[in-house]
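Here come two complexes built around subunit A, the first alongside subunit B, the second alongside subunit C.
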Partner chain A sequence: MFNYTFHWRPAIQALPQMLGGAVVTLQIAVISMIIGILIGVVLAVMSGSSSKILRGIAGTWIEIARNTPALFQIYMAYFGLGQFGIHLDSFVALLSGIAFNNAGYLAETFRGGLRAVPATQVRAARSLGFGPISAFRLIVLPQMFRAVFYPMTNQMVWAILMTSLGVVVGLNSDLTGVTQELNVKTFRTFEYFAIAAVLYYLIAKAVTLGARAFAYRLFRY
Partner chain B sequence: MIEIENVHKSFGDLKVLDNVSLTVKKGEVVSIIGGSGSGKSTLLMCINGLEPIQSGSIRVDGIEVHAKGTDINKLRTKIGIVFQQWNAFPHLTVLENVTLAPRKVLKKSKAEADAIGRKQLEHVGLGDKLDVYPSKLSGGQQQRMAIARALAMEPQYMLFDEVTSALDPQLVGEVLDTMRLLAKEGMTMILVTHEMAFAREVSDRVAFFKSGKMHEIGTPEQIFGNPQRPETAQFLASVL
Partner chain C sequence: MKFMLTAAVAIASLTAAALPTYADKLDDIIASGTLRCAVVLDFPPMGSRDASNTPVGFDVDTCNDLAAVLGVTAEIVETPFPDRIPALISGRVDVGVASTSDTLERAKTVGFSIPYFAFEMVVLTKDGLGIADYESLKGKKVGSTSGTYEAIALEQSVAEWADPAGSFRSYQTQADVMLALNQGQIDATVVTSTVAGSTIASGNFPGFIMGGKAPYEIDYVGLITLRNEQGLINYLNLFVNQQIRTGRYAELYAKWIGEGEPPNLTVPGVYY
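Right, the complex of A and B next:
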């Protein structure tokens, strides 16, 4: 029946290696979020524009990002682009796939956030002599970010968890990649993956708590 | 000087401004009265280019507001406007609300902008609220902050768009006091208002609007005491 003996010692000894992987995981998540936020803001603005073409581009991006598996998006970045002679290494492919996904989801979130800022705010800013871009940057964006802060934190957690998909494009330096390599060498699947799961949990939890503290400092109004 | 000449504006079939002409000289206080939907507020939006016009011309200090080459952002720094909904920037403190435009638009240093901001906030009686967020202020205080925010740009003209209409009755007085002070200091002002007693008291001239047309303009004594047009008399009879 159950005759598996747990061997935690080698798994614990591999902890520093796994922590190294966790750092890579966090790196990918953070960079993909930054790119996702930048593109997401642009897409959100585009989808509210009067130009059909801009709305079309934004709409297509958002539809694909939200309605296809993240796994396929990462595959596309690695194998799909490879077919067209664009060869991304696994790190960049994973990063682009997640950034693509983040941008799509965040664009929808931001679109709602922009609606939460009354048009009269822009009018007030313009009447003071701000141009359209500075009015957006100084008055609309800060208010939008407050409205979408918690959904944005969710996306960050989601981005961390999505990095585990890097293993399908051969990434071996992130937390899942490192864990998988250790597993292949030792077949101590449960021990290694249990530790990896705890590390994912801790990173995600730290991000959520950090975001809450950050929001407390940032949004005093 | 603000020169409005034969301005027409419509939203679809609806004529909101129908051949409006009005000249406001430096130091003058002109009130615009009339029922809602008479085009009064739209006229103010047109003066600082927030709303386009279909024909006619509006010049501020000789600069054509609606001409293609006009630097509208620069022109707007000369024209302060305060709205019915005060539109405080909720993410900034009271002082930041007031100093943001001087810093970012007029490119003043933080110290310089802060000095102006403090001065203007004291001017409107909010000297003790500098670091508070607008959500902690009453409507009247937020409206006075909006006035200080416009004044911090050191404008040549101030436009007031029904600034007391959204306020609780007991808060109206403090905002009117602030405007009264400005009028006394010689600020050139156009105010759209429903406060007839106030219009009568502070204005050099009062204009009556109905259905986008300026039916009558004259001294407060004439408009309130001896209106020349039946429309004006009718309107005043209905509100006074």
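Right, the complex of A and C next:
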């Protein structure tokens, strides 16, 4: 039997506080995605290079990022580095944990995207006078991003949801942190968690729809 | 035939109305033969695990005593501090024997028994950080276990001090707080005197010292169950009363916390 009467009024009063938490959540997700994309591109290029050392570094990063839980990665960034006297703030620890995870997953996505760009394109660009770097930047990268745009959106949604792991490293300003604080003060678990779930859903949905509109503008043939 | 059917339905509904159909939680526990207690097991000496991983502590013994008087078997359900209420509401446990502070805010949601224990709060810090009393926490990085009385009070103090250098972090378990303090992620925490005593005595964290008393009101903790289970709450009140009357409370205090006078559970000058 479900033995609970909902008290919505105090829960709705806490809404501004929770929206503040949602902003922090979105911040962490966006910054971690930007860092993740930058590192991800580098890793993807490295794993396609002919140098054994570069391939090894990229391979190790990708293996660890994809085959260990995000929770563990964030915990290691906070308490693992803390053991060696490196003290990351909770916010930074969560951010770097998610960015590490994003980079690993995105590197694999980008590797697939790079394969989708025919090698003849580079040769054609080079014969038209492009240098190796500008050929990569102006010819290969834009086509790669077109191919991987939707998987990237997926990773963005995943990054938003991963921010909820911040509570394990003591973060109390993101959406889950704020929710948990309200929960322990009042014990109105279900109201606050229901509101948090709706907010997470709305953020993720907004990102998906926004990305679709963005893609329509950017990648139309 | 139609008359027969109507009569049958009438008789059936009359019988149903005459029989007591409502069994409350107390009946359910006795009938099921098991008392499921939510106990926090990283909160020594109230709850922890011994070398063979068996739950032990003041709260565990209290749950066992309660099960014994009910004539049922006790089942200890390990529950972290923030999960005590969800465990109760979702029916995974019957009673919380989990050092739950009886705040008025929480009493809107759960039913409290009369206090079965009381805590005093102290500052726990590391040697050499220059923290000697509660006031010197101003402008420091502090943290505590999410969902505890001391975490709520400490966060409030940090907010009142409004010192930009100061910060408050809440961790999910007591063990993480100790780890954070040991590594220097935080400079100090506020814990119950029992936790501070057993943490320092454990020898796992050399350099941990007490930094004076925290000026909070005494933290009275009650047993918790669903708010509407008045029958069970009555029983829990009598159980707590009997624990103290029979000397079992003092016995458990001596066993788990040590020598000395166990905390007085009455508030002078007022009825409960």
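Note that in this section the second predicted complex is superposed on the first by the 219 of 221 C-alpha atoms of A that agree within 3 Å, B and C clash if a C-alpha of one lies under 4 Å from a C-alpha of the other, contacts with A are read in each partner's own complex, and residues count from 1 in each chain.
The definition used in the following text is that a contact is a pair of C-beta atoms (placed from the backbone, for glycine too) under 8 Å apart; a residue touches a chain by one contact, two chains touch by 3 or more.
Small disclaimer: the values here were computed from a predicted structure and weren't measured.
S.K.: Have a look at subunit B and subunit C on subunit A after the superposition and call it: clash or fit.
M.R.: Superposition check on subunit A shows subunit B and subunit C fit without a clash.
S.K.: Examine A:F190 and indicate which partner it touches, taking first as subunit B and second as subunit C; both and neither are also allowed.
M.R.: second
S.K.: Based on the superposed arrangement, let me know which partner A:G131 touches: subunit B (first), subunit C (second), both, or neither?
M.R.: The first partner, subunit B, only.
S.K.: Looking at the overlay, what does A:H87 touch: subunit B (first), subunit C (second), both, or neither?
M.R.: Touch partner of A:H87: subunit C, not subunit B.
S.K.: A:S51 in the overlay: touching subunit B, subunit C, both, or neither? Say first, second, both or neither.
M.R.: Once the two structures are laid over each other on A, A:S51 reaches no partner at all.
S.K.: Between the C-alpha centres of subunit B and subunit C, what angle is opened at the C-alpha centre of subunit A, expressed to the nearest 10°?
M.R.: With subunit A as the vertex, subunit B and subunit C sit 170 degrees apart.
S.K.: After superposition on the shared chain, which partner residues are touched by A:T120: those of subunit B (first), subunit C (second), both, or neither?
M.R.: First partner only.
S.K.: First (subunit B), second (subunit C), both or neither: which does A:F79 touch?
M.R.: A:F79: touches subunit C, not subunit B.
S.K.: Given the superposition on chain A, which partner contacts more residues in subunit A: subunit B or subunit C?
M.R.: Larger number of subunit A residues touched: C.
S.K.: When the two structures are overlaid on chain A, which partner does A:N172 contact: first (subunit B), second (subunit C), both, or neither?
M.R.: Touch status of A:N172: second partner only.
S.K.: Quote the smallest CA-to-CA distance from subunit B to subunit C in the superposed model, rounded to whole Å.
M.R.: It is 49 Å, taken between the nearest C-alpha atoms.
S.K.: Would you tell me the residues on subunit A in contact with subunit B in one complex that are also in contact with subunit C in the other?
M.R.: Shared contact residues on subunit A (touching subunit B in one complex, subunit C in the other): none at all.
S.K.: Name, in rising order, each residue of subunit C that touches subunit A in their complex.
M.R.: Per the touch definition, subunit C meets subunit A at residues 81-82, 85-86, 89, 91, 105-106, 108-110, 143, 146-148, 151-152, 155, 168-172, 176, 179-180, 183-185, 226, 228.
S.K.: Applying the document's contact rule, which stretches of subunit B touch subunit A when the two form their complex?
M.R.: 48, 50, 73-74, 76-77, 79-81, 83, 85, 87, 89-92, 100-101, 104-106, 133-135, 146, 149-150, 153
S.K.: Report the residues of subunit A in contact with subunit C in the complex, numbered from low to high.
M.R.: Touching subunit C: residues 1, 3-4, 7, 78-79, 82-83, 85, 87, 90, 167-172, 177, 180-181, 183-190 of subunit A.
S.K.: Can you list the subunit A residues touching subunit B in their complex?
M.R.: 118, 120-121, 123-131, 134, 138-139, 142-143, 146, 219-221
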